[in-house]
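Structures are listed in the sections that come next.
The same subunit A turns up in both complexes below, where it pairs with subunit B and then with subunit C.
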Partner chain A sequence: MDFGTILSSALASALGPTAIVYALAAIGLNVHFGYTGLLNFGQAGFMAVGGFGLAVCVVTYDLPFLVGILIALLATVVLAIILGVPTLRLRADYLAIATIATAEILRLVFGAVETKDVFGGSNGLSGFGQAFNELNPYDRGIDIGIISYRRGDLWTLTVGWSLVILACLLVWLLMRSPWGRVLRSIREDEDAVRSLGKNVFAYKMQALVLGGVFGGLGGIVLALSQNNIKGSDFSTNVTFYAYTALLIGGAARVLGPVIGAMIFWFLMTGIGSFFSQATGGSDPLIPSDIMTDTQASLVRLILVGLGLMLLMIYRPQGIFGDRKELAIDAR
Partner chain B sequence: MRRTTHVLVTAVLALMVLLLPAAAASATEDPSPTPATPSASTPAPADTPPPGAYVGVTLVDSSTEPPTPVPGVTLVVSSADGDEVGEGVTNDDGRAFISIPERGEYTVELDESTLPDDVEFDGSTTRTVNALLEGGNFVQFQIGVAAVDEVPFAEKFMTAFMGGIKFGLIIGLAALGLSLIFGTTKLTNFSHGELITFGAIATYVMNRAFGLPVILAVVAAVVVSAVFGWLQDKFLWRPLRNKGIGIIAMMIVSIGFGIFLRFIFQFSFGGSRRSLSQYVTQKRQDYGFFSLADKEAAIIIVAIVVLTVTCIGLMRTRLGKAMRAVSDNPALSASSGLRVDGVIRAVWILGTALTGLSGALLAINSQVNFQMGFKLLLLVFAAVTLGGLGTIWGALLGSMIIGILYEVGPLFGIPSSIKEVGALVVLILILLVRPQGILGRPERIG
Partner chain C sequence: MPADNHSPLAGVAATPGVPKPDPIVKGSNITRQFGGLKAVDVDHLEIQRGVITALIGPNGAGKTTLFNLLTGFDVPDTGEWSFNGTSLQKVPAYKVARRGMVRTFQLTKVLSKLTVIENMRLGATGQRGEKFWSAPFRPLWSSQEDATTRRADELLARFKLDAKREDFAGSLSGGQRKLLEMARSLMVDPELIMLDEPMAGVNPALKQSLLGHVKSLRDEGRTVLFVEHDMDMVRDISDRVIVMAQGTIVAEGTPDQVMSDQAVIDAYLGSHHDTDITEMDESSLEAAAEHELDEEATHD
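Up next, the complex of A and B:
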């Protein structure tokens, strides 16, 4: 058992591209769920539209990279509006079902054989990150003993964490503004806000769009960090993992989703690495009749499910949240 | 409409594209025919593929039992530009290997005149293969499917329609379970798909591990599911209700529970698809306008009987009345002397048992897999929302519509690889037009 390797791989993952993707997705969910009380279970759909928006523009239609980014973000705005119009007037669980269904539709369409010409089928699209990689100012990777990143990753990390910081800053500024206070009061009591003459629907829509754009940014970072994008990257589990990350850190807190995503991926990778070491090798710690190495890779996913349940039951406010503020059951 | 009983020949053409690197690049442009010869007395030498990239074809006549290989058929491989790349003849194993110069898209054409006389073949003789992947890329598809083209549309429609009814009834059982649980507890249960899988896996375990015949295994699985529902209510949902945890929080708990169960299933059951011991393949019986295998007919009958009995029971019995009372106003029911917790427990037991039966029937219909229920979850949601969340008849009506749409959709242009999409689009549309569902009452949507 090599705890050094476990620790370094867990740390690398907690600070790595995946954590950034989930941090951005969870920041979006924080705007939806934490601040406004909207139950968006289709964040994977927003991420997919962001990532594929960029990839399709650059690869399929040969547009410049920056135009691709703009169109990708615009597409997430459009998706939010299309989703919001029918569902924002309805009860929370309808929004949940409609968003999760939309995310599945998008995932299936993006991954289908029939749309291969546009979205690349099961292999997905790649080769859209050239303009991004050319901007890379680093000439080599970084190695500070316990963790190391390659040159390309380092550039993704720089851009990604800058985006996360900017997003946090924006959320912080917005949520202490009058606009943010309206969102929070919608979460607490929608009817009261309505009776004060606010257009609740419009506020919800703005929150849905804002959070969707953060999700779209997450999808773009995902696409750029792995230099490829395919429909199967955006299963419903992605949304649920992002929720778990958000709830670990604490909803309705600016830094909650970021810390949550880092902790989530620290634990995911750490536990995964622990069990793969415990079952691997010639003399495994856990004999293979109890657990094979295929099964070992599933332990962390079982723990995610268990963790999400226990978190919601015993500490719904997460690490930083305020239980009084987040009386999730507004409706 | 009556068709003559001519032998429907299905030829299975399996295209195996193996791309071996390095050698492919240096391969000459000149087309090298395969080493396979039609009259090879020993299949051994022809079984060795040529060096470099090649297209491997296996030709099997599926009309016989077991399927027999078709030897001596000439296959021509052409590149995307139409240039002929190579030619091969199937050996005694029905195999042929044709070298290709490089990766790319190739067309494989079957020379119909070289087919043996007793093999009937009326499908498309050309197939396109995209040789892109490294390593073994096994593509299998049936040429015989094209022969269905001559089947009248009405008949195709009827077959798909019956498939849709069967599928609708199966998800109807699960949808009724979901709807009952939602109706009394207001919980949108995101772990409901796993309850379907639970029923299927319980059937599999009862059948394969305990050696029960499939029919008894189904009964046992339903009982086990009912117990599972009781345990869930006792140890998870009732404590949460008593703790005063809100509906949205419970919904997220159910997501966690779903993920937990799904990977527990994968942990213990593995990632593969497995079949029960009986009724795996059955010949279809012709019923005039459509044909059904015996097991499909049995599934339809069982589902109809169970659904009818349950619905009539819910409308007539005291429990049904109590459930509707709790559904409308739990506090008032409690103050009228109703044991609300008891009613909810009964609903969990009944709902999980129905859902388990749905999983068991699915296991008989096809195979058992750890995420079979999760894949159906959204269709069940679509069915329940379409019919009206919390209404009993709505769940059934919605399931039938979704089931038929799911199976018939591909006939009207929905790509068959993603036929869920049609049902999910309907779900979104119904929310736009009539969010309370077809049979729902407007006040339910709040």
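Up next, the complex of A and C:
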């Protein structure tokens, strides 16, 4: 058992590209769910549209990289509007149904054989990150003992964490403003806000678009970090991992989704690494008649799920949440 | 009598839907059907400006539905209605509020996880900081926000909620919530304020101060329309009473005129309203008990 390896792999994951992707997705969900009370169960769809928007522009249509980014973000805005127009006037659960269905449709379309010419089928698209990699100012990777990143990852991390910081800054600025107050009020009671002369539909739409764009940014970072993108990258559990990250950190807190995503990936990778070591090798710590190494890779999901349950029972407000605020619901 | 102090309605007849000298709200042929039930069926309705009008009637008479229809929270099947002379047909609820017709709710809607002062600030209209593109830049809206906060603090002091300024609205008592909702609706600076059962669930001590607040709304030139079951309140503060039963307006007039109207008494209180319930219960209980005793005696 090598705890150094476990710790370093867990840390590398908590600070790595995956954590960035989920932090951005969870920041978007925080705007939707934490502040506005919109149940978006299709954040994976927004991410997919962001990632594929870039890849399709650059690979399929040979457009410049920056134009691709712009079109990708525009596409997430369009998706938010298409989803919002029919559902935002209805009860919250309709949005949840529409978004989860849309995300699945998008995933299947992006991965389908019939659309292979545009989206690359099950292999997806690659080779769109050249312009991004050419901008890389670093000469070599980084190695500070316990964790190390290669040159390409270091550049992705720099850009990714900068995006996370900017997103948090924007959310913080918005949520302390009267605009953010309207969103939080809509979460509490739509009709009361309407009775005070606010166009609730317009505010919900703005929130849906903003959170969707954050999700799209997450998809773009994902695409760039693995220099490949395919439909199967955006299954429904992507959305639910992002929700888990949000709830761990605490909803309706600016830094909640970021810290939540880091903790989530620290635990996922750390526990996974622990069990793969404990069941691997010629003389495993856990005998193979109790658990084989293929079973071990699933145990981390069970443990993270258990952890989430315990969190909901003993600290439902998450890391940053305010218990007093949450207790008001019980009245 | 309040009605005598407010001469605008002095010569107006006590008949349902009678024209008023200066109506702020006018409506005609308003109907709303829920399945087989015609919840609202109002031929004509006028609300006089600058007075307190009470809307009373038994449960299910359609008072709250009429409120919803007038304020755009629900859409009637037929009819037309106007506020200050402009039609409100197909005008969404938030625009109705912006035009100066603000309502409160029967089940108080405070924003629980916002503080009392934040609840108040939300009520102000035309806030620059509520626009997405200017929201991130504080200097663009901070002076307006300060003015809003001053106005909110004045209202909180007037409604004696200033001690609760920083508390979550969800921690207030039922009566305080009613006060907060009323104060918050004043942040919109409405011409017409529509209160849906302002006294429901409020203790008697707070009731007196609420009555005072409603009267003060009229005294500062606003029009008040309220739904209420509390007859003392209706008699005490209203200048005009409109009585609804089964969706239609059955009577209208001063509180005294309405309360002595036989049709109203029958519709609103039921035709057995003179019978004392406790007496009736006691005598029937006694009869039942005697009957039982007799039964037992014959069995023995």
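The rule we apply is simple: the second predicted complex is superposed on the first by the 311 of 331 C-alpha atoms of A that agree within 3 Å, B and C clash if a C-alpha of one lies under 4 Å from a C-alpha of the other, contacts with A are read in each partner's own complex, and residues count from 1 in each chain.
Keep in mind that, in the parts below, a residue touches a chain if its C-beta (ideal position, glycine included) is under 8 Å from a C-beta of that chain, and two chains touch if they have at least 3 such contacts.
Given the structure is predicted, the values throughout are model-derived calculations rather than measurements.
Student: Which holds for A:Asp93: it touches subunit B only (first), subunit C only (second), both, or neither?
Tutor: After superposing on A, A:Asp93 lies in contact with subunit B but is clear of subunit C.
Student: Look at A:Asn199 in the shared chain and tell me whether it touches subunit B only, subunit C only, both, or neither; answer first, second, both or neither.
Tutor: Only subunit C; A:Asn199 stays clear of subunit B.
Student: Tell me which partner touches more residues of subunit A in the superposed arrangement, subunit B or subunit C.
Tutor: Partner touching more subunit A residues in the overlay: B.
Student: Report for A:Gly180: first if it touches subunit B alone, second if subunit C alone, otherwise both or neither.
Tutor: It touches subunit C, and subunit B stays clear.
Student: Under the stated touch criterion, which partner chain does A:Ala101 make contact with: subunit B (first), subunit C (second), both, or neither?
Tutor: first
Student: If you stack the two complexes on chain A, which partner ends up touching A:Leu70: first (subunit B), second (subunit C), both, or neither?
Tutor: Touch partners of A:Leu70: none, neither subunit B nor subunit C.
Student: Quick check on my understanding: which residues of subunit A belong to both its subunit B contact set and its subunit C contact set?
Tutor: Correct list for subunit A: 328-329, 331.
Student: Spell out the part of subunit C that touches subunit A in their complex, as residue ranges.
Tutor: Subunit C residues touching subunit A: 71, 73, 92-95, 97-98, 102-105, 109-114, 118, 121-123, 125, 127, 129-132, 135-138, 141, 145, 168, 170-171, 181, 184-185, 187-188.
Student: Going by the contact rule set out above, which residues of subunit A touch subunit B in the complex?
Tutor: These residues of subunit A touch subunit B: 39, 85-87, 90-94, 96-98, 100-102, 104-105, 108-109, 112-115, 123, 237, 240, 243-244, 247, 294-295, 298-299, 301-302, 304-313, 316, 327-331.
Student: Using the touch definition from the top, list the residues of subunit B that touch subunit A in their complex.
Tutor: 132, 188, 240, 243, 245-249, 251-253, 255-264, 266-267, 270-271, 378, 381-382, 385, 415, 417-418, 420-421, 424-425, 427-428, 431-432, 435, 445-446
Student: Show which residues of subunit A lie in contact with subunit C when the two form their complex.
Tutor: 170, 173-174, 176-182, 184-185, 187-189, 191-200, 206, 324-325, 328-329, 331
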